[in-house]
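What follows are several structures.
Here subunit A shows up in two complexes: once beside subunit B, once beside subunit C.
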Partner chain A sequence: MIALDFAPVLAEWPLLAKGAAVTLALTAVSASVGVVLGVACAWARLHGAPWLKAIVGSYVELIRNTPFIVQLFFIYFGLPGIGVRLSNETASVLAMVINLGAYAAEIVRAGIATTPRGQIEAAQSLALSELQVFTRVVLPPSLQRVWPALVSQIIIVMLGSAVCGQISTNELSYAVNLIHSRNFRAFEATFVGTGIYLVMAIALRHLLNWAGPRFVFGK
Partner chain B sequence: MVDFSIWDIFRNLLLAARWTIALSLIAFVGGGLVGLALLVARIARWPGAEPLARGYVQLFQGTPLLMQLFLAYFGLGLFGINVSPWVAASLALTLYSSAFLTEIWRGSVASVAKGQWEASAALALSLGEQLRHVIGPQALRVAVPPTVGFLVQVVKGTALASVIGFIELTKAGTMITNATFRPFTVYACLALMYFALCYPISAWSKSLERKLHGQR
Partner chain C sequence: MIATTHRRALLRATAALCAALAVPAFAQSALDDILAKKVITVAIPTDSAPYGYVGTDLQPQGLDVDVANLIGAKLGVKVELVPVTSANRIPYLQTRKADLVISTLGKNPEREKVIDFTIAYSPFFQAIFGPKSLMVKTPADLAGKTVGVTRGAMEDQEVGKIAPPGVDIKRFEDMNGTVSAYAAGQVQLMGVGASVAGNFVAKNPQVSTEFKLLLKDSPNYIGVAKGEDKLRLKVNEIIAAAKASGELNKLALKWLGRPLGELPS
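This part shows the complex of A and B:
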């Protein structure tokens, strides 16, 4: 007979709440920096010098074709081998930023590629500098077009951050593991943790869909 | 301590790569079958199929794959089944893949013009005949590139099975690191190995996509 007992898990709610907060904080930092990195890479792949295009292109392909957990382990366990020692939080944020940056670069590039040529010509005829054309004319509508895809990617990165618990970053999945190592209610703890992730993913999508037009590509 | 040359590291990783490939194939094929069943239920408009399928997709796309693996691992244990990492990882990755594949394919079916449904219905084709002769071939062309692209996701997803003790590439990398104390080299080789597996599939998916759009 299966006997489920959620009480000992729910009694540890402060741990769960703290874990969820850390997950959200990791996501907030890496989403902001990662999207900026993605925009910069998209710009470099479209307008940069040939050597820059080659470097950014290989970065994007390398990240998109390797698992996040390997990227994280390389940063946290591998880099100390050449003398770069990072704390687990720093390594987590760095891995998430690098990961999101590569995916965001491709998403943003797709948005920029569909900009009508006439809009750029019109902006140039108004004597805007190259940078002004990009940041004022090309970027905002491009971001608006790809915002749903970008939001999905940010959520994927948030869910992926569960792996950061493997290097002892005290985020939600780490809290879950900690709880079931205390009370041996492994399934119940994981179930509750998974539920919290689901709620956070749905809430984050609503939040970003709301925030995008207001703060990112709005008037 | 054993002396490991670069070749030894590579050789051992290569040996472990077959388990990554095997698990990926199980998950992809299994996920394809479950995904197809879900797709048919949705197309045939079985009562309750649509909201159920939508909830199923939301569940698997809205939670971390790592937690899904843990749930399968601990959940099967509750039924008194002696869970090997093989079983738990196959189950979790199959369900995970099925949720994504059914959604990809639903989109492909939706991309077939409505007139095709109406025309084939006007010819008195049954639902099975419609799917087999009219809708299927057209949806398939659209579905292939993203499906191949998703295979990359599956291969990368299998890396998480290392966490529940499944010995594939990533787990082998960790074990070799513990034996050699050369994390930088080992993890770099590991990343290269995944890249060698995934990049050709990505490139294939991209070229399929280009061909598809060229035809239109």
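This part shows the complex of A and C:
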């Protein structure tokens, strides 16, 4: 009935490859910075001064209770109203960092909150400083406990980057939409795009599961 | 085998349904009906200033509205305006909910298969618009500048044709995205239809936007239901007379700020 023709879509492979590369680059930068931001916010919510707790708490609630695309549009279309004009790539990364930071903060906080009290007391009795206790004793096992949830969140952010094409960032969905607006092969183009996202998401999960114990929290 | 029979039956039923739903062949009587009822129904836009938009008094106004009233006056009948959108204006003709569509309608082979067109009555164009402070006189001047367009729209293709290397073309999902990006200063120039730019200028006088480069001229035609030759020829006569008398030119100057120019017939 429907004649499928993938050739016109696959002929645009340079566009698809570039789109996939941009999606991965956006994810790499925003995941690295976002997780660090998340850890910092988690620390602030648990140990920070009351005013800091209030600020970080509001940030987390604000981001977790509004849609990503609205946050993105606010940064790209809204901020120029007060004189802050960011390029579409910068706006995309910033929106992804801010978004991941809020979710990561809650995930990491849960990990830290389940640290056995005795472990902290043992560290304190060894005369470690407060910072040392947090970075050497509390954080690594906490990250290990929540690592699967954190990896899932990073993948959600990668998939969410699909809307960055709305502000003309040349990521994968943008490439897919551009291709089918030119050759009207919507089914084929989105099918190929879906396949690429699927492969990238599975590969990223494996990569992070492998890298976590080796580089992030130690064995 | 059973599946095949079923599918055939389904196909046959679908075909029968399509035939039943197809617009029945009307006799060529639109003009007679209009003159007998003393009313002509005209589909006009209300979202495309300066061609058709709603004024502060909530009445539709614009070039297309004036052309509708002009035709009504020449026919000596009352004009009934129906607001339509880009997407539904052709169905309005096909289902005879309107006698004429005067709604920034361009002519192309796909549309000519389903409706008929009169001669052109007004200019329409896609162009690059930008701030007065930015010097753009030729396509070469676009180099190094950012141009926002709507992905897949006519402007997207046309900008690609004239743009020298080094133009940063940013594609947005819809007209609103393109115009918002321009309004926010995220792109220096925008490639849009004249009506979109007109609308933007009317609502954002603080951004001094002007016409920069022509992308494509695609004049407007009046749409008539397929086969209504009597009505079509009568409207052609009225348009030709209004062109000759300068009435149409006056309307173009009033609404578009530029003369009618050469229009294809």
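Everything below uses one rule, namely that the second predicted complex is superposed on the first by the 218 of 219 C-alpha atoms of A that agree within 3 Å, B and C clash if a C-alpha of one lies under 4 Å from a C-alpha of the other, contacts with A are read in each partner's own complex, and residues count from 1 in each chain.
What we mean here is this: a residue touches a chain if its C-beta (ideal position, glycine included) is under 8 Å from a C-beta of that chain, and two chains touch if they have at least 3 such contacts.
Bear in mind that the values here come from a model prediction, so they are computed numbers and not experimental data.
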Which superposed partner A:N88 touches (first subunit B, second subunit C, both, neither): second
Contacts of A:N65 with subunit B and subunit C, given as first, second, both or neither: first
Touching partner for A:L159 - first (subunit B), second (subunit C), both, neither: first
Touching partner for A:Y197 - first (subunit B), second (subunit C), both, neither: first
First, second, both or neither for A:P213, with subunit B first and subunit C second: neither
Subunit B versus subunit C as contact partner of A:S181, first or second or both or neither: second
Residue contacts on subunit A - larger count, subunit B or subunit C: B
First (subunit B), second (subunit C), both or neither touched by A:F77: both
Shared contact residues on subunit A - subunit B and subunit C: 77-78, 80-81, 166
Residue ranges of subunit A touching subunit B (in the complex, touch as defined): 2, 4, 61-62, 64-71, 73-74, 77-82, 155, 159-163, 166, 173, 176, 186-187, 190-191, 193-194, 197-198, 201-202
Complex contacts: residues of subunit C adjacent to subunit A: 148, 151-152, 156, 170-173, 177, 180-181, 184-186
Footprint of subunit C on subunit A - complex, ascending: 76-78, 80-81, 85, 88, 165-168, 174, 177-178, 181-182
Residues of subunit B that touch subunit A when the two form their complex: 58-59, 62-68, 70-71, 74-75, 77-79, 152, 155-157, 159-160, 162-163, 170, 173-174, 177, 182-188, 190-191, 194-195, 198-199, 202
